[in-house]
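Each of the next two complexes has chain A plus one other chain: chain B in the first, chain C in the second.
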Partner chain A sequence: MSAIESRTAMSAPMQSTSRLGNRLKQVALHTAVFLLCLVWFTPVLSLFVTTFRSESDSSRTGWWYAFIEWRPVLSNYVEAIYLTGVGRSVVNSIVLTVPTVLGTVLFSAIGAFALARMRFRGRIALFLAMVGFQVLPPQLVLVPMLKFFLALGLTGTFIPVWIIEMGLTVPFGIFLLYGFFASIPSDLVEAARIDGASEPRIFFQIILPLSGAVLASLAILQFMIAWNHLLIPLIFLGSGSLSPLTVQVASLAQTNAGGLNTLTAATFISVIVPLVLIVTLQKYFVRGVLGGAVKG
Partner chain B sequence: MSSQILQLVLGLLAMPAVVLAIILPGELAIRRFPQKRQSSLRPWIWLSPVLALVGLVIAYPLAASIVFSFRDAMASKWVGFSNFVWAFGSAMRPVLVNNVLWIVVFPLLTAVLALSAAIMLDRVKYERIARTFLILPTAMSFVAGAVIWKMMYTYEPPMQPQTGTLNAIWTAVTGRMPIAWLIDRNVNNYALIFVAVWMSIGVATLILSAGVKNIPRELVEAARIDGAGEWSIFRFVTLPSLWPTILVVLTTQAIFSLKVFDIVYVMTNGSFGTDVIANRMYTELFVKQNLGTASAIAVLLLILASPVIFMNIKQIKSGGGE
Partner chain C sequence: MANVNLRDVRKIYNQTQVIHGVNVDIDDGEFVVLVGPSGCGKSTLLRMIAGLEEISDGQVHIGSTIVNDMSPKDRDIAMVFQSYALYPHMTVAQNMGFSLQMRGNAKAEIRTQVEKAAKILNLEPLLERYPRQLSGGQRQRVAMGRAIVRNPQVFLFDEPLSNLDAKLRVVMRGEIKALHQRLGSTMVYVTHDQIEAMTMADKIVVMRDGFVEQVGSPLALYDRPANLFVAGFIGSPGMNFLSGRYASGAVWIGDVSLPVSDLPVSASEGRQVVYGIRPENLAITDDDGLPLVVEVIEPTGAETHVVGHISGQRVIGVFRERFTTRPGGVLRVKFDPRKVHLFDQQSEQRIN
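After this line comes the complex of A and B, so read on.
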């Protein structure tokens, strides 16, 4: 309202009041954004600060007292890594996540290549099935997959978790890559074909090198998903020596073993990798989220 | 530890090996056919790893869950609809009621907050930095979020110093008794829902921000010249143009609230009247070891999610997906 007034108003006094109104609005806007960021960041900060406080400090005062009487200790991290098995869980999380990410990107890429660049009957039906599968509740796979992998004797290895995490994300991955692969100009592919290039050659030497950014988007999204999942590893790896960080932290939180401050250190160790990734590779994360959501 | 490293190396080698072991021999095999036959066979060779994977992890469990839901606890004999009768019976009713609360409150609260954030961030120069603050919780696991908020909600008896952030603020500002956020049945479900909101705003804001930036400037300018105030611009320009995007956010979050597990599992494990479908399914499966009721719950989730599944398919079919 004041925007149009300030542009069209004739008299000087009116202009100054609307300018004041504008000013107030700007102040309100910046205050609101600041408060939102503050509320959203405070819980993260409280976790980080608590990891450096001693158990006795934490039982007496809130974490914000650390800013008044700063007595940092490192014992929480030492305890988390050596006594509660979090060090081992870091390795398990890597073993769980890295092959999952690689497999998801590869399987999605060949699937999307076939769906986007080849013409055949059932193509559209398959693509729509992938759209539908994205929304399926993962709980649906638990009972049948547990029976299946028990029968094969593969529970207690990472193989079931890799396969299930890949299967749950590949429909989304195909959907995400499909749009990009379909938009690669046909001239480029046709020229290579005339030169006698085979389909694998076209895929590996033309399509994949052009798709670095979108493949990175899929990789970072699947990294976050697999690294952060609780339910699937909880069921297929259990809370023993194979448990990844999410399972380990959840069991620490439920049993209260090791105390609150050790738990916060364990939790912070579990979030540091994804936090660093999302800040440094934010561009790819954003592209992946948008490519997967705003379509249609 | 060495077994883990071995599995890591194995996994890293196996993934490309499986893909190459299917595509390269497949391409060689179809080379002897005429061109036309080659191009009709080729898609199925390239799709076979995906079809095998999705068939195993999604299609087969889908069918098997439906079968198991009509069988007994050991999946050994047919029991008709009794698992579903149980699922809608008095034992499950409070759980279903909680999920209804999640499905209504969580998407709405997330959408309203994310929309406000998207509109506000669009008007400030430091949008990227502010956005990073909102995305940070998204990068963390729900387990970590649950641990953090268990601390935020910490309750100490009245007159004790409050070490939880929320109760410290609450008692200082209002001078009233501290609240047991996770135990008090008037607030505990909302307290859990807010954790999910805190973790989901980032992605929802990203999606809505892209929508806000896609609204043609001329449309807003024209409304302004016609004398429309901020509120009418929001009501008659922003909201209608963003509606499809808002719908994407709402449906995604509704599906999320159906399957919410981690937050409840870590923070209350379903006690004090906070249980939800997915956590109940975990209990049925691992504590009670009942495959029948666990599968019935899974099928129930599928039925509840199916409107969104069909809506998405319809939207892609009619829209620019092809």
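After this line comes the complex of A and C, so read on.
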């Protein structure tokens, strides 16, 4: 037996053991992931199924009976949208969220650009203060803010909600974008400067187009936050005609106006928008959050 | 096109002076290379001409204007960066046309200018590609194209070939040189590679630690380096330095005397000097030559490099002829006395 042959003969059983080990590891991993998914999705599934069951079905049997005798009804959705005002509050939620998201992205980007790319006194102190103050709970500012906007007569409009939602996320947004902007090679900015671009032009034509992924992830993040906030719209908009989904669903839960199945339908409506957003834009989200973590 | 004049230019970062009063005159249409080891201030100087670094003291003239307080875009210069600094989200055509777009030129005119520059650099088939789809050499050419499109008074190059492999570097070196001949523009070029400096420059500025060591044509610097630093920096393999004592018309290393030609030597008797001789100024001779104890022999085909020592001092020789001596053996060599460079050991300045 030649040297090469004997080596092959020896390594063959070793290889198969390690392959078996890998296989076992994979099975264990997949089992764990599957169990986690089960734990996460069972409540969502029950919610989803319940929204299509009639009130009488739900009172008699558990939600899993839907798989045994499938008798879907749409009445829960119809009721949720038309009778309890959820339809209107979807529009309110969108009106509340979209300007908040756009504003957050724009102001975070401007702030991060100034901190990362311009030289001025107190730059570092400002940055550190902004990062540091994020540890304070947002509830702290709500009373002064309410007094402030009451004095201006702006409560009961979307304006204070937009401003406060932006104000709460922009520092984090700046923090997120700062790292990314700082990692853009300074040669690019200098080349643009020599090419005759002004600072705003550098910002809009060089920096922003290169930051699509990270801006998208900030936008998605802020969308989720603003969409799901209950406290701030509740304080500044009340539960009247301007109230967003969160407030509407909460009050629905309290009054029990439409019954349990209508409530589940309303809840599902409030979940569906962020869910669709996350699923369709998740590749941007992951890319943005991980951007700069490794050399690309 | 314009001349560039640096008058007592200084750069001070937080009380640390990195450029110490540099005076350089660059004529209209001249190709000037700033060369020196890393950290010598050559890039900083270039960036001061570009307007990317503030000038702490002194004046920079471009043409007849003092540009100290002008922003980069108003200096009518174009710069090629080591990283190329191409805008990743723009096509080649957009990259090249960006400066004209900033100036507010009409789209049709931008297109014409870009196509003209692309033709010079053979970039026409690549105009709609993105930088990430290009090879290193192509990116380099786009970076040059971006500079050409502006038709600037002065071209500035900051180590533009450092990111290319050795073979491509030689090709691009030729292209830049050809471009200079074609455009006839003033070009200032920074490199740490003395071969690049020698092959490309009309005039070389050798820098060290923020000081200009010598300014001159490549061959002037090679043939008459002003001091030990320039002598050692220019040329590859580098000049041999043998320290000895000057006495009665020759340099003595122990009891070996090294010939010095009849050039006037401003050294007094008994002074400690450095005797410099370039490797190609050594010649193999008969038994009466100096004994070079051979350590390493490196044949390159056309010539053979020999590393060894004479009286304990390291010497490199480059010979075109073939010989049979092996490492450990002794090769008899003689120095060309007309090609000897003498430097004062203390001041390191040339004394012949």
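Everything below uses one rule, namely that the second predicted complex is superposed on the first by the 253 of 296 C-alpha atoms of A that agree within 3 Å, B and C clash if a C-alpha of one lies under 4 Å from a C-alpha of the other, contacts with A are read in each partner's own complex, and residues count from 1 in each chain.
Basically, a residue touches a chain if its C-beta (ideal position, glycine included) is under 8 Å from a C-beta of that chain, and two chains touch if they have at least 3 such contacts.
Just so it is clear, the structure is predicted and the values come from calculations on it, not from any experiment.
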Once chain A from each complex is brought into register, does chain C clash with chain B or fit beside it? fit
Chain B versus chain C, judged by how many residues of chain A each one touches: B
Would you sort A:62 into first (chain B), second (chain C), both or neither based on which partner it touches? first
Identify the partner contact of A:210: answer first if only chain B is touched, second if only chain C is, both if each is, neither if none is. second
Could you say whether A:188 touches chain B, chain C, both of them, or neither, answering first, second, both or neither? second
Quick one: classify A:153 as touching chain B (first), chain C (second), both or neither. neither
First, second, both or neither for A:196, with chain B first and chain C second: second
Lowest C-alpha to C-alpha distance for chain C against chain B (Å): 6
Which residues would you name on chain A as touching chain B in one complex and chain C in the other? none
Once bound in the complex, which stretches of chain A touch chain C? 185, 187-188, 190-197, 201, 206, 209-210
In the complex of these two chains, what residues of chain A are touching chain B? 1, 3-4, 29-30, 32-33, 36-37, 40-44, 46-47, 50, 58-64, 88, 91-92, 94-95, 98-99, 102-103, 106-108, 110-111, 113-115, 118-120, 123-124, 126-128, 130-148, 157-159, 162-164, 166-168, 170-171, 174, 179, 198-200, 224, 227-231, 235, 242, 245-246, 249-250, 253-254, 260, 263-264, 267, 270-271, 274-275, 277-279, 282, 285-286, 289-290, 293-296
Per the touch rule above, chain B residues touching chain A in the complex are 1, 4-5, 7-8, 11-12, 14-16, 19, 23-24, 27, 39-40, 42-44, 46-47, 49-50, 53-54, 56-58, 60-62, 64-65, 68, 75, 117, 120-121, 123-124, 130, 132-144, 146-152, 161-165, 168, 198, 201, 203, 206-207, 210-211, 224-225, 227, 229-230, 244-245, 248, 252, 255, 258-259, 261-262, 265-266, 269, 278, 281-282, 285-286, 291, 294-295, 297-299, 301-302, 305, 308-310, 312-313, 315-322
In their shared complex, chain A is touched by residues of chain C numbered 50-52, 71-73, 77-79, 81-83, 85, 87-89, 98-99, 102-103, 146, 150
